[in-house]
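Just below sit the structures, each encoded as structure tokens.
Next, two complexes with subunit A in common: one pairs it with subunit B, the other with subunit C.
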Partner chain A sequence: MGLKEKLHSIKEDFKGKKMAPAFNALHTFLYTPNETTHSGAHIRAVDDLKRTMNTVIIALLPVLVWGIFNAGYQHYAAIDAAQGVVREASLFGNFFTWDNFILGAWTVLPLVIISYGVGLAVEFVFAVIKGHEVEEGYLVTGMLVPLIVPVDIPLWMLAVAVVFGVVIGKEVFGGTGMNILNPALTIRAFLFFAYPTWMSGDKVWVHGAQAAAGTPDAFSGETILGSYAQNNSVVYDFADKFFGFIPGSVGETSTFLIIIGGLFLMFTKIASWRIILSAVVGAAVMGLIFNGVVDQGWITESSKFYGLMSTPFWEHLIIGGIAFGIVYMATDPVSGAQTNTGKYWYGFLIGFISIMIRVFNPAYPEGVFLAILLMNVFAPTIDHYVVQANVKQRMKRLKLKTA
Partner chain B sequence: MALLSKKDRGLILDPLADNNPITIQVLGICSALAITAQLKASIVMGISVMFVLGVGNVVISLMRNIIPSKIRIIVQLVVVAALVIIVDQVLKAFAYELSKTLSVFVGLIITNCIIMGRFEAFALGNGPWRSFLDGIGNAAGYALILVVVGFFRELLGSGTLLGFKVLGDPIAKTGLYAIGYENNGFMLLSPMALIVVGIIIWVQRARNKALIEEN
Partner chain C sequence: MSKDIKIKKGLDIKLVGAAEKTLADAPKSRTYVIKPSDFHLVTPKMLFKEGAKVKAGEPLFYSKKDERIKFVSPVSGTLAEIKRGAKRVITHVVIEADGTDATHEFSKLDVKTSSAETIKERMLEAGLWPFIKQRPYDIIAAVDTTPEAIFISGHNSAPLAPDYNFSLKGKEAALQAGVTALAKLTSGKVHLGVAKTADSVFANLSEVELHTVSGPHPSGNVGTQINKIRPVNKGETVWTVAPENLAIIGELFLTGKFNPERVISVSGSSIKKPQYFKTKIGAEVSTFAYSAGINGDNVRMISGNVLTGKQVSADGHLGYYHNEFVAIPEGDDYEFFGWNKPVFNKISSSRALTFSWLFPNKKYDLDTNTNGEHRAFVVTGNYEEVFPMDIYPLQLLKACMVEDLDAMEALGMYEVAPEDFALTEFVCVSKQPHQAIIRKGLDLMHEEIG
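Here is the complex of A and B:
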């Protein structure tokens, strides 16, 4: 008897038992189950939830690999910088090296393991208690979470936040597909408000900076947004910012790879191009407004907003987490707007509000996660008005015809 | 002979669990969110409401046959406002620091829905002794939730209980802090109080399915 038959016969044994959902989840991960849909009319399509989720994970893998190398690179670069050695980033010279990979893997992979381990454990427990199948929703969330936190976040904090995010952000609403908020962003928001010292400042973005603080070997790694918020200039040039040789959360530094991932998602029709496009436009519009305010001289260099307001609008798009947020988070099909017109509004407001929070509230150096969470809450409202507008238009047309 | 008849006992005990003013009737949420960051403030707030509601219910019950029903809300407000002023002055006299912590929320006991609700629903139609029990019971149900929420928020948010550093010293890094534990700042913010109350509601209804509303 082959493995496949064996698993099927075990499945029969589990049927009707409490642990059945837990077994089925592992089983369907390996094999397509040999059962058909029981009722109703069916649309035959190959892209089930698991394939959708796996596509997103594929789009995230380059970012994860970059994040691993970058974690190592930033650590050694910061040590060099503290000793006065200036480093010129070069892809194969000092970026893709074994040292970077080993250090990066040593710091980033535990985040991935904790995120998946804890999150899936919560999912399994809820599936067994409620007696429904384990849903695949956590596959993407579990990959997003390690990419949007600083490298040095303590693992127990991440575990607490994942439990909170999955239970309060998702399970209480009824599990995958029913959540109002994006669970990965709920986890980040929890971390941000619960442990602000580990989520902001100039000590958390580079591995080891927190531990070395106060010793003779101390070094730091301010993010670009952090520097701008304090009206400091940054040493990174355009290529550094665009390709991602900069400190930041694990996965958000390389705008280049995020664009590739975004194109892949748009091409496979997983992510909505409407949301991505309008979010970029929204961010650019807000950036242009601020640039205009600075050009008019209404804001002078003495203002605490000057640094971020005078940042060119296109630069706002490639620094910080906004690119990552727009491509991987705003396009979440569950918590985003559902109607096509609604998607334009939803995306536009995400971009617009992200830059606004980023500039006006230096306490939140990155506004994109708050902007997306806010718009998650408003997405049903946007959809409601889009649908009502359509209804009204049709009623008008009907009246014209009958009159 | 039992101290209280079975019916009277229900007046005290029901609001503690299956008819809790906060978790079942969802009244008095505002103050539950605002002042529960410390356990001490929660306890004092609970006692204050217990005093106001217990005495207020008796007063309203005694006057229930002479209050013209058209102006009964005004009369109730006068009674509750007088009682709240007493509480406020006592707190200012004997627990000044605490009254600063509670600040406006002592005054806002007047607008606490639980109080007007019990006046309207119970004291206007029942005798003084039963009204007193009802007032104490409902206030105790309110205080119970406040204390539970305050317990978790102070323990997880500040690492203290009633001001004692039960988890160790965060600055000297003793106790739990020595192994890397940190206080959860989110617990001190009001949204977390709402979530804690929500979890209590969730647990309570999961244990007693009869409480789940149909929709």
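Here is the complex of A and C:
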């Protein structure tokens, strides 16, 4: 008896029992189910939710691998810098090294394991209690979470945040497909508001910064946005920022790989090109407005906003988490706008507000996650107006006929 | 206004096993079955008891709501059995054919000179009324309404669809009589959508507004054409008639006889020799299925097309409205890592490691597997790609699911039929039963609003 038949007989045994969803969730990972069509069309397209989610994960893998190496690289680079040694980043010289990988894997993989372990446990429990199948939404969320937190976040903190995010952000609304807010960003927001000193300091972005504080080897692990916000000069050049040899959340640093992932997602039709395109435009427009304000001399160097306002608009797009947010989070179909016209507005406003919050938020110089959460809340409103336009057209047609 | 209709949104599902254009007479069927479930929302009242003799074209039962709407026997024979299901609902009316051609005859009627009243009366008493459907609600038309327009789609774009130019060849006179009759019943026009082909059986019809339709499926769906030509507003009614039924209507006026003959296509990848057969409404599917030959025994047999048809068993019968029979393999098997490996042999509307976009002309051998489990709605934007009507499909489906009558009305529920949602159902990542959702929504509206 082959594996297929064995699993089939176990499935039949479980049928109708409490634990059936838990078993089925594991079973369907190995085999697509033997379900056939019962009503309506007798044939179905091959795409299912697992394939959709899996495609997003594929697009995230390069970013994860880069994040692992970068965690190691930033650690050693910071130690060097503290001792006065200036490092020139080179891909195979000092980036893809065994040391970087070991250290990076040691710090990043626990984040992945905690994120998936805790999150899926919550999902399974809810599926068994409520007697529905385990939906695939968390496959992507679980991968996003470790990529949008700082490397040195304590694991217990992450675990608490994941439980909060999955339960409050998703399950109370009815599970996958019903949530209003993006669960991964809910987790991020929870961390930000529950542990603000951790999340907004300059000690969590590079591994070991916290431990080294106060010792003679102390180094600061400030992000570029942090430096700009304090009107400090930034030591990284364009290539560093674009390819991602910079400190930051695990997955957000390499704009280059994010662009590749974004192109892949748009090509596979999994992510909406409408949202991505209009979000980039929105961010550029806001950046240009700020640049214009600085050029007019309305804001001088003495202003605390000067640093971020004078940052060229294109640079805003490659530093911080905005590229990552636009490609992987704004395109979440559940919490985003659902109509094609609405997607343009939704994306544009995310880009626009991201840069605005980034510049004006005194506590924490990053806006994309707040902007996306804000627009998650307004997405149904945008859709409402788009759909109302269609409804009004229909009413008008009726009036023309009866008049 | 241009009379051409060009559809851009949609999806042509190309399947293996299209019917070859050869026609054979199907062996004579021993029994014929009329299933009242084919007539949505009709509660049948029987006119005969079991054992009674009936002639072809003689009414078997009528609708409880409107006793003028009669349903006739396709053949002469004995009313062998009235099968009942739960709550004594009549499920099958079985007629054992006696092999004679005894037909209930009417006098001929010149439709050109007859009044609308006479035509209507004749259609009712001859059992032709069930062939006329109405929108809203996609049910048999209410007798006392005057439709704003009548729509006929002479272009079938569904997968493996029979070609009207082949199956209706020689019926031009009957089609013309049908059109002339129908034109008297509407305050508007009779609209006919046709594909761009050289010698169409519809090309020379008069008293009809011809529209040339092009583009992928569902360009041939009558609902799509209505939406593009003259969308249904609240309070209005339009009628739809399928061309094969239009021919039956016309023939009755010409000959005085109800001719239940159907030229059907027998197709699908499980059919050994896909071709056309001449048979009758309600005939046993085994008569033509086994003449054409069936590969394997784990096969889904469908009366109607693969998107909207009904599953029938090997001893089942051809549906009242169906003009094709399809057999495709059942997909009740597991597939190892089916959700993440690259797929070349199935159709997909995305490119997520699925490669059907590379081969737009390849023909696929699809089975009945759902390719995934039922989920909540997650993905957005993919229905719109295959849904050409000026309606928001996802929003309408959700309105139906939460039974929000106001929203359903505002979003265009009066214009749709379940078949319009067959393609969105096909591409649905969450494997939601769209057609069932829409049907339920229409029924609810019909009940609450009328």
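We take it that the second predicted complex is superposed on the first by the 386 of 403 C-alpha atoms of A that agree within 3 Å, B and C clash if a C-alpha of one lies under 4 Å from a C-alpha of the other, contacts with A are read in each partner's own complex, and residues count from 1 in each chain.
One rule holds for everything that comes next: a contact is a pair of C-beta atoms (placed from the backbone, for glycine too) under 8 Å apart; a residue touches a chain by one contact, two chains touch by 3 or more.
The structure presented is a predicted model; accordingly, all values stated were derived computationally and were not measured.
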{"item": "Superposed model, subunit A: greater residue contact from subunit B or subunit C", "value": "C"}
{"item": "Partner chain(s) touched by A:F190 [first = subunit B, second = subunit C, both, neither]", "value": "first"}
{"item": "Contacts of A:V334 with subunit B and subunit C, given as first, second, both or neither", "value": "second"}
{"item": "Partner chain in contact with A:M178 - subunit B first, subunit C second, else both or neither", "value": "second"}
{"item": "Subunit B versus subunit C as contact partner of A:I168, first or second or both or neither", "value": "first"}
{"item": "Touched partner set for A:I10, first subunit B, second subunit C, both or neither", "value": "neither"}
{"item": "First (subunit B), second (subunit C), both or neither touched by A:M157", "value": "first"}
{"item": "Residues of subunit A that touch subunit B when the two form their complex", "value": "154, 156-157, 160, 168, 172, 190, 193-198"}
{"item": "Subunit B residues within the subunit A interface of the complex", "value": "180-182, 184-187, 189, 195, 198, 202"}
{"item": "Contact set on subunit A toward subunit C in their complex", "value": "4, 7-8, 24, 28-52, 54-55, 58, 133, 135-137, 174-178, 267-270, 272, 333-334, 336, 338-340, 343, 383, 387, 390-391, 393-395, 397-398, 401"}
{"item": "Subunit A contact footprint on subunit C (complex, rising order)", "value": "13, 15, 159, 231, 233-236, 300, 302, 306-309, 311, 326, 328, 330-340, 343, 346-354, 356, 366-382, 384, 390-392, 394-395, 410-412, 418, 421-422, 425-431, 433-436"}
